[in-house]
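Naming follows writing order (A, B, C, D, E and F), and every chain is counted from residue 1.
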Amino acid sequence: MRENKLKSIWQNGGGTVNGWLHIPSTWSAEVMASQGWDSLTIDMQHGLMGLETAIQMLQAISTTDVTPMVRVNWNEPGQIMRVLDAGAYGVICPMVDTREQCEAFVGACRYHPDGYRSLGPTRAMVYAGDDYAVNANKTVLALAMIETKTAMDNLEAIASVPGLDGFYIGPGDLSLSLFGKGVMDSETPEFLAAIDQILDAARRNNLIVGMHVASTDYGLKMIQRGLQFVSILSDTAFLRGAAKAAVTAMKTGVGQASGQRSAY
Amino acid sequence: MRENKLKSIWQNGGGTVNGWLHIPSTWSAEVMASQGWDSLTIDMQHGLMGLETAIQMLQAISTTDVTPMVRVNWNEPGQIMRVLDAGAYGVICPMVDTREQCEAFVGACRYHPDGYRSLGPTRAMVYAGDDYAVNANKTVLALAMIETKTAMDNLEAIASVPGLDGFYIGPGDLSLSLFGKGVMDSETPEFLAAIDQILDAARRNNLIVGMHVASTDYGLKMIQRGLQFVSILSDTAFLRGAAKAAVTAMKTGVGQASGQRSAY
Amino acid sequence: MRENKLKSIWQNGGGTVNGWLHIPSTWSAEVMASQGWDSLTIDMQHGLMGLETAIQMLQAISTTDVTPMVRVNWNEPGQIMRVLDAGAYGVICPMVDTREQCEAFVGACRYHPDGYRSLGPTRAMVYAGDDYAVNANKTVLALAMIETKTAMDNLEAIASVPGLDGFYIGPGDLSLSLFGKGVMDSETPEFLAAIDQILDAARRNNLIVGMHVASTDYGLKMIQRGLQFVSILSDTAFLRGAAKAAVTAMKTGVGQASGQRSAY
Amino acid sequence: MRENKLKSIWQNGGGTVNGWLHIPSTWSAEVMASQGWDSLTIDMQHGLMGLETAIQMLQAISTTDVTPMVRVNWNEPGQIMRVLDAGAYGVICPMVDTREQCEAFVGACRYHPDGYRSLGPTRAMVYAGDDYAVNANKTVLALAMIETKTAMDNLEAIASVPGLDGFYIGPGDLSLSLFGKGVMDSETPEFLAAIDQILDAARRNNLIVGMHVASTDYGLKMIQRGLQFVSILSDTAFLRGAAKAAVTAMKTGVGQASGQRSAY
Amino acid sequence: MRENKLKSIWQNGGGTVNGWLHIPSTWSAEVMASQGWDSLTIDMQHGLMGLETAIQMLQAISTTDVTPMVRVNWNEPGQIMRVLDAGAYGVICPMVDTREQCEAFVGACRYHPDGYRSLGPTRAMVYAGDDYAVNANKTVLALAMIETKTAMDNLEAIASVPGLDGFYIGPGDLSLSLFGKGVMDSETPEFLAAIDQILDAARRNNLIVGMHVASTDYGLKMIQRGLQFVSILSDTAFLRGAAKAAVTAMKTGVGQASGQRSAY
Amino acid sequence: MRENKLKSIWQNGGGTVNGWLHIPSTWSAEVMASQGWDSLTIDMQHGLMGLETAIQMLQAISTTDVTPMVRVNWNEPGQIMRVLDAGAYGVICPMVDTREQCEAFVGACRYHPDGYRSLGPTRAMVYAGDDYAVNANKTVLALAMIETKTAMDNLEAIASVPGLDGFYIGPGDLSLSLFGKGVMDSETPEFLAAIDQILDAARRNNLIVGMHVASTDYGLKMIQRGLQFVSILSDTAFLRGAAKAAVTAMKTGVGQASGQRSAY
């Protein structure tokens, strides 16, 4: 079975950089896949794609060796199993607040006897190899999002669910739930303490921790703080930011070199 | 009929900034439409969308008052008429090399007696108003691409075709055809002389001139040189550039603030 | 944040007319959006569209200032949140039978502390403005469908759920459940008594009431009876009715003027 | 090979009623196909669908025995052949102005030795039967649009092209070209004289004549005048008209019964 | 209402052959529908299609009289009702492990008073007829998948749920759950004993039994064993197998006649 | 630039096996790409896909190292350039009957000074590398179809067009044009003589020759006869053939082992 490169990197102590896909297009997915990310996550929660386009985007990512992941929109087994069958090598599940929810989530990612995933890895076998079914349980990542006060209260119970690979911090929802305002890249002591609490629970249970960030400098700080991976903004945010900068430069008369002046 | 804002700005001596769409997605189109461009052009030549998606992207642009345009993939009347019927307020036609080709192109954009466009502005009437058919000939832009040595040789003949609104310079193909290498943002005297030759022919025939550029500083120079509008890179180039910068920052450990740290 | 026009009209005592979309097409959605409806509802329960097309239809509606709503196919938080993130200004949830179900539904529509909606209003921010997240809870409509005997039995409990904006009556299912036969536009005393019971519960709890109708005369009666809005048939029913009439006219030799004889 | 019902009806002296599809949706196509039309034409010229959706709409029409036709957007052999391969039983070609253009059009519809259509009726064989290739030339309809003064001048030459089955009058373009204004359902003596001139040329050359109309009473007059078939408005026009009527009824307080009050 | 041919065949003691669709395409669906299957099942669990494509595939199947069915990806009422509204004449539900789950599933397939399906059979009425709503409960098939040890333990309780039409055996998951390895076409005594146990429970409760098989000889054995229908592989497996055989023949130099050498 | 493996194999005297795609699906394309073909050709002439799906299928093929090609539906420069920009490594052009047509075709495949292809290899650069533009002329295949008597008469003139890489024989059209009946896998002396005539012209002009065949044994004969590559049937034909065989086996009671009985 094709290895999960993320697991290999993490086991060697490295950190990984994850891209985030909101645009429902195989073309933007392929372009993103060519920029050097370790992994790409198709966001079926806050992104704009339906399932069928998500599957086609998994194909587009497979034109490279970038590890493909999906964030599902809710803790629903049918949906989780479909993206796994389509070849996702990791699933990020939002709003995992209790041990029971985490067990339901992880179970949906694992074949018997580790879980209750239904057998039928149609595209996954093409992507990963004929031995997919027997090796998937130990290859595919199950990452639970910690993004509410309830989850913080249940952190140890969630962390100890067998088969869980890691936590993924949703900083917007988490800060909204804990402190009443959804903020990205927060550096308040309270927020950083929450991060550390998550890191501690993770370490005790042999889990990795990832997080969404809105800038590379914050992302680097989080890697230094002990997280194993960060996701940087999204395709939409990149497009919006660069386009806005170009328009502003033209409208204010302060141009910028693009560094793309050379020949085709 | 809804006015063509580009024509108004140009008539007042202003220059306009045009965005360029390669991603086949209504979402990326809507995001681009919200960044302050004067116009957006759906590139059906080197972009990745088919006709039906292009039409849906015209709808997405219409959520704003950005002027929608389309570059067709070839000088084909059936295709030109379809994007006009779908509400494009301007058509950019590649590879217009002779007066006859220009007449065929402009004729496809104009109803009788100015041309041979077929009556049936299905979506255009929804977008522009019930009087579309009687006012379209003087509202919709027809822009011929000058991008070969042959076109340069026939510049005056092309420029004088009645109903033509302007030239659009394809710098890659033009430099390839004239000087043997496709280059963007060239500042060689020979290339700039070609630009000036096009500007001269345009002024004599009351045409505007646009051009594709790969950086805002070059774009500003071109506006100063006398062009009425420039297109800056493309959605794909913005996405690629910003994503690559983020990955590089993370991989080299030199982070950047994103300026997007605030609350939702 | 862009205001919710429906709320403004209702607060001023007015009634609104809602169109209903079953055809999975951005074109039919844009055509409907241009006919003067106060709001349009994309029906993801009995309509034919998947999620991705529904999102594109929300974009098509946004070419006008018609208020966009979605009926979800079931009381599922993942689905409810996705259509809100895509810019729906109201969600109609079918088969809300108990207070618990209503709390789950309303909670999915509201950010902390009013509910458990996850933060990430990707398209909603483009549609509504940058302050979407802080104002969405009081702007977005949550409408619970009353369409079973169980719901009638729990009417007061459902009505008193904090954050609920109104009831939406499903007359087909309600008459089937109450009286054994699914009927539209019923004027039996029993059915009208049920309507009045719903109206009473709504008034006591400061809720508005909407309903699906199959004719404009019945719709007008319902507005007079005290409902705040009605939905008239659907795009499919309009298409079917008008096409059938045209075919019948031709086949029977009894033509009708279309009133569309004028020039383009 | 499945017979072409239109040919049979016409040979028996009957007239046929044709529906017109602008909405790019298999659902609206299937709904239209269930209303009793003799034939349905997918309009790839002024409609909103791309080729792939057009093919799927041909499938949707094939759920009934309505005869499927396509209007192509231009006299292009590649496009004409594709819709025939997809199972269209008739092609309407716009803007046929000369005998040469008509020969090119008809040739694209016919296999050797009657034309130059390429062999490969992929879906047509599924729809029509295994003997499609040997019988298609005499089954599939080729209808040339007469819609310009040039075409009127060349009427006899166009009419006498071997293999042509009929004329299709585009009244908007024809009146625009002849009289300077695009009008539907015109009853001016000049316009009616042009119709009669087309009918005469058709009769002399054993062709049928069809036409687009905007009302059933005008359509009936045209059948009485000698035309073999008429197309009534379009799916979009039906949807728009019925929706507008419903909104107006509600807004003015003058309701209408829908006649659809009965049970599901 | 259009009859359910499968029920008729089974009532007469016959067995049926079911095709299985994984490819998200109306074209492959139509091709499959033309090969003589009694029924075709669109697999929304392990297949690659989203809901909207599944609906279009139901249309493609409706170009023939093959009975259309859908396997949903999970026991979710919203999803089950949508495919029924779209015209599926049978629903196969995975992972039905308990009586409660079976009741929830069957209830979603049945209108009041037999269940809680919401009224609104939009496409089903076009496919089946205007009396769909009153006859659907006794026409549409509800088939519960037996594919876990838990289900085997609860077999009698599941079988006795009123309104259930039959069992569908998922041999891969069942053998994985019972014997630790997912195997198709198993002929071990233990597996065959499980089949017989399911057949017994079915007979006692007047249910039919279907199963997925990977070869026609095994399929025939299962029909002989007492099953009412079998599904043979899938469109993907057929494509893969035939393509691989052709490549192998060419690469090894051992060609095969295709039996398709005759004229078009 | 990524090499064109076909050219390498042919230069070493090898023959290649080409698969043929008619199904408009990225999934069937990816499945086909995993079966060992040297190349796959997306057939935009007799296949069912539009341009946008064809581009997505090129992405799906790029998950493997199979060489991607496209058959365009006609000798149209706009269309030819689009599939090349999308990353096709070869274009097969139908109905090339004269030297002028061949020059137009080859010119559309080549950048200045070898042709008039427009610069903008949007996806091709992602697929092939940043040096695509300078190396494409010598990497991308231009294959002209010989399928009419006219083409046979002009064979030498067509063959000598600079930049042409080879002939592709369309046996159905060619036999129809030469002998009045479209036949696949013909072994009549007259047909084989035509093949040899094409082979001779090819050898004299350093061209390769390919052909469509309907069986592997005929394909092997053609390779032995001197052709460099053959295309075997199509995805649709494989699907149809295997499905029909399975249904027949079940209906006749003569089962076949599938050879796929092993574990997942």
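The working rule: a contact is a pair of C-beta atoms (placed from the backbone, for glycine too) under 8 Å apart; a residue touches a chain by one contact, two chains touch by 3 or more.
These figures come from a predicted structure and were not determined experimentally.
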Partner chains shared by chain A and chain D (touch criterion as defined above): B, C, E, F
Chains touching both chain D and chain F: B, E
Far-end chain from chain B, centres as C-alpha averages: E
Copies chain C and chain E touch via same or different residues, half shared test: different
Fitting chain A to chain F on CA atoms, where both chains share a sequence, rotation angle to nearest 5 degrees: 180
Inter-chain centre distance, chain E versus chain F - centres from mean C-alpha coordinates, in Å: 37
Shared interface positions of chain E, touching two or more other chains: 22, 24, 27, 31, 34, 48, 50-53, 55, 76, 79, 119-121, 123, 133, 172, 182, 236, 263-264
All chain pairs that touch each other: A-B, A-C, A-E, A-F, B-C, B-D, B-F, C-D, C-E, D-E, D-F, E-F
Chain F-facing residues of chain E, complex: 17, 19, 22-25, 27-28, 31-32, 34-37, 48, 172, 181-185, 214-221, 223, 230, 232-233, 235-244, 246-251, 253-264
Footprint of chain A on chain F - complex, ascending: 26-27, 30-31, 34, 55-56, 59-60, 62-63, 119, 121, 123, 125-127, 132-134, 263-264
Chain E-touching residues of chain A, taken from the complex the two chains share: 50-53, 55, 76-79, 81-82, 85-86, 111-113, 116, 118-123, 133
Chain D - residues contacting chain B, complex: 22, 24, 45-53, 72-74, 76, 79, 94-95, 147-148, 170, 172-173, 176-177, 180, 182, 236
